[in-house]
Amino acid sequence: MSEPVSGAAREAADWWATGIVRMAPGVVELRGIPVQELIGSVDFVSMIWLMVRGELPEARRASLLEAALVASVDHGPQAPSIAIARMTATCGVGLNNAMASGVNALGDSHGGAGQQCVEALTDIVALEDDGTDLAAAAERVAGRYRYVPGFGHRFHPVDPRRDPLLALVDRAVAEGVVAGRHLRAARALETFLNGAKAKPVPMNIDGATAVIYAELGFAPALARGLFVLSRSVGILAHAWEETTAGKRNKGPVPRSILPTYREDTAAR
Amino acid sequence: MSEPVSGAAREAADWWATGIVRMAPGVVELRGIPVQELIGSVDFVSMIWLMVRGELPEARRASLLEAALVASVDHGPQAPSIAIARMTATCGVGLNNAMASGVNALGDSHGGAGQQCVEALTDIVALEDDGTDLAAAAERVAGRYRYVPGFGHRFHPVDPRRDPLLALVDRAVAEGVVAGRHLRAARALETFLNGAKAKPVPMNIDGATAVIYAELGFAPALARGLFVLSRSVGILAHAWEETTAGKRNKGPVPRSILPTYREDTAAR
Amino acid sequence: MSEPVSGAAREAADWWATGIVRMAPGVVELRGIPVQELIGSVDFVSMIWLMVRGELPEARRASLLEAALVASVDHGPQAPSIAIARMTATCGVGLNNAMASGVNALGDSHGGAGQQCVEALTDIVALEDDGTDLAAAAERVAGRYRYVPGFGHRFHPVDPRRDPLLALVDRAVAEGVVAGRHLRAARALETFLNGAKAKPVPMNIDGATAVIYAELGFAPALARGLFVLSRSVGILAHAWEETTAGKRNKGPVPRSILPTYREDTAAR
Amino acid sequence: MSEPVSGAAREAADWWATGIVRMAPGVVELRGIPVQELIGSVDFVSMIWLMVRGELPEARRASLLEAALVASVDHGPQAPSIAIARMTATCGVGLNNAMASGVNALGDSHGGAGQQCVEALTDIVALEDDGTDLAAAAERVAGRYRYVPGFGHRFHPVDPRRDPLLALVDRAVAEGVVAGRHLRAARALETFLNGAKAKPVPMNIDGATAVIYAELGFAPALARGLFVLSRSVGILAHAWEETTAGKRNKGPVPRSILPTYREDTAAR
């Protein structure tokens, strides 16, 4: 690393080149900042921002991100990711393996709604930029989905995490911390959905956090990445609780309720 | 690859050197055999043996391995690995991701009993080689465990897979295909356990397949590896059945039986 | 399971009902067949078929599947899945965890070409059924892709696994084992691509195995599932070879070729 | 959930009972606190503490944990977990799947040193409690290991993260925030190792964070769990950087340095 290498060796080194970290004996620089300057000075959420975005955030912007991360940590063992982590933790593997299997389940249907909602909000803002009226833009984007990502909930009539998150965004808009266009786009979607559907379809946690991620300028795919960081906290807590309970090879239901065989299940 | 490289490039190439496969443009050799000579000539089980062991097996030895692989494919959705794969399959990820999470749960308690049993059988044979009487060797090795791996079952009074597997090993011993020492060791364990415990502790699927893997000379850790190949078949079948059922974000129990909160659960 | 349960308990049991396996104390039935009738009687490939499809295959059809499974086991540590499994095996986790991480990488770009090719072949056959000429159908379907899945190779001028696989399908068509329509569709695609591109774009392993899976009537998604079963063999062999080599925390390149830091890498 | 259920249904609900979260329509309580009281009020690190430990931490204790989490986020793509996440990200899977495979590699050798070091420090403190002299206790515990976990580094002569972390612990001890006994144990280990070995074996990042986790009263296994939360940040940053680079199926070395075949590799 200190002396120049050439040809194939250079190619191999370039293959793994990165803008995130610089390593040398005695040196760890993260996004250009020596790690020793970060330890004790920078909070964890700003560190997440630095690593993912390449620069440290303004404090009030970091606070918005923090609220989104706090809000999403857990939604109970009914969520597949949590149940999976708990079951894996009983199978004689490391805590990291149990967490990995939980994270692996945060796919398009389970951890992807935030990402899809950021995309929807971004599209509404882009339509507005092209001269479309906000309500019309919301309607047009909503029309693409059977279920608009970030809205409605199978369990909560009103998601208790929605209002406190939106209140924080409202304040951030009032203080000029964020522009508020994605928040307005989300509210326009909500208004449209409430008018179009038989019963209200309020914004849920994925919608409210998507507003924050979008207002803060995160790429849509990062909405999923940030959700993974947040939900990993719940996954760890549950995997650890299960570990301390001491069960072995925990199945999905007690043995007294064994699964039944279904004669009529066809497959090909 | 064709012309010699030197220094760091050579080091990088050596870093990934392998005795399993040789690649060149137009060439794939597996364990020294051109792949085109294997396709259509070699059965899948012999291919597994070749890849893992480095040589093709004698046909009757391959048949024993085949029986073990067939016997272990599935034991129902009560097994965490199967339930996990099914749940993951409903979360909007690829079929390979669902299979990976299932395989990831085949840890020490779920997929490791075969490996531990091969170790126990190997130790008994080694004690015999050192002059210990077989029954005494079995008792001494059994004494190391609270539950001897490969024996007893939480669900089956007698595991229906035990007898057909052992009958095949008996025949293989009679025909001189395998030596039979690990089979005798396993039976000595079973005899000891049946005498020592209040109710019989018959050999289970992990014990019976461990006998086969040990007789065929597989290293203990490969007992787990081979079990993974076998159970992956069940994992695929279940993940696919769940996929075709079309559920989204399947939790461990129906929503009508939501988990209850337990006030008294302590953690630290 | 033996006595009827009602209400919520029934619902919980139904939640995990399956057509694949029936369990009772002393009983394991796979697709309706007691496991003891399968052990020693059915080969592993037919067992895969039974589990995934629900019925045992005709022997010559099973042989075709077997050839596809044999052909795909390994393509060297340059493939991410293999390198990942080897690296994970050095990190102090179980062999099953190393295999899981390898399988987890068999995504749309790495393990998905077979699935996509089955879809393309199925579409060509469907167009033919609607009266489109075969060559025109191939051209139309090819037009959807920048790179047609299952054709061309970054490394092999001609994939050495192509010809032996296609020869087996040709024979199966001649013997009436399969209909041959997907084989013809694949050849029509190849003919079109060879005419349309500056250099030949021959069918590769994904294309040749897709022909087999499609001829045998597997759903497209199962092409990926079956590939996972096959490549898991190579993943196991490599993870095990790496394990026996005894390295700890193996990085992607030797420490002498440490990755370099790239100043100009931007991210957001 | 609202009305009492009995028998099997109750058993199924109990199966998934948890002390971490309470869910009801419109209600999410985390460790007994309504989620809406946490959003905007509690920082992310305190949230981690609450979820894992069951209570909110005192602010200066949370700061110590925060420093440990900040310090461990990344150590470059030479680390298997990072390289694996980057490679997986090029294979056509979700960002969560790439992160999962990285986390899955944080096993005993890669992510387990902190856990092992917490155990060693705890044992030294226990020996002291039993009347053993600190230096003798350190020597006795060190004697159990070939390489004492948390000490020495293959790359850094002095780990740049050590001093700033220990300085924070020193201050916390001076202020009575933590007791300092595990810090003293770690320094006694370091002193012993520096005397016993030909060259200094200074505490590394795993040792310094283990001191923090132990001083704060986390169970040893949680040292790994917390490390996973921290390193997941680096894993996300790298997986995302790789995603934006647009490579497909990235192998461990460039194709110009293809792995070489080694004739002499034996396996069994």
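Per-chain numbering from 1; labels A, B, C and D assigned in written order.
Rule of thumb we're sticking to: a contact is a pair of C-beta atoms (placed from the backbone, for glycine too) under 8 Å apart; a residue touches a chain by one contact, two chains touch by 3 or more.
In this text, all values refer to a predicted model and were calculated from it rather than measured experimentally.
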Copies chain D and chain C - interface residue numbers shared by over half, same or different: same
Contact-richer chain pair [A-B vs A-D]: A-D
Chain located farthest away, centre of chain D as origin (C-alpha): C
Rounded Å distance between chain B and chain D, as computed from the means of their C-alpha atoms: 31
Geometric centre distance via CA averages, chain B-chain A, whole Å: 36
Separation of mean Cα positions, chain D and chain A [Å, integer]: 21
Contacts with two or more other chains, residues of chain B listed in rising order: 5, 8-9, 12, 15-16, 18-21, 23, 52, 76-78, 83, 93-94, 96-97, 100-101, 104-108, 111-112, 155, 219, 237, 240-241, 250, 252-253, 257-259, 265, 267
Complex interface listing, chain B residues touching chain D: 1, 5, 9, 12-23, 29, 52-54, 93-94, 96-97, 104, 217-219, 252-253, 257-268
Complex contacts: residues of chain D adjacent to chain C: 5, 7-9, 12, 76-81, 83-84, 87-88, 90-93, 97, 100-101, 104-112, 154-155, 237, 240-241, 244, 248-253, 255, 258-259, 265, 267
Complex contact set, residues of chain C against chain B: 8, 11-12, 15-16, 18-21, 23, 25-28, 30, 34-36, 38-40, 42-45, 47-48, 51-52, 63, 66-67, 69-71, 73-78, 83, 94-97, 99-101, 103-108, 111-112, 155-158, 160-161, 163-165, 167-168, 221-222, 224-226, 228-229, 232-234, 236-241, 243, 253-254, 256-257
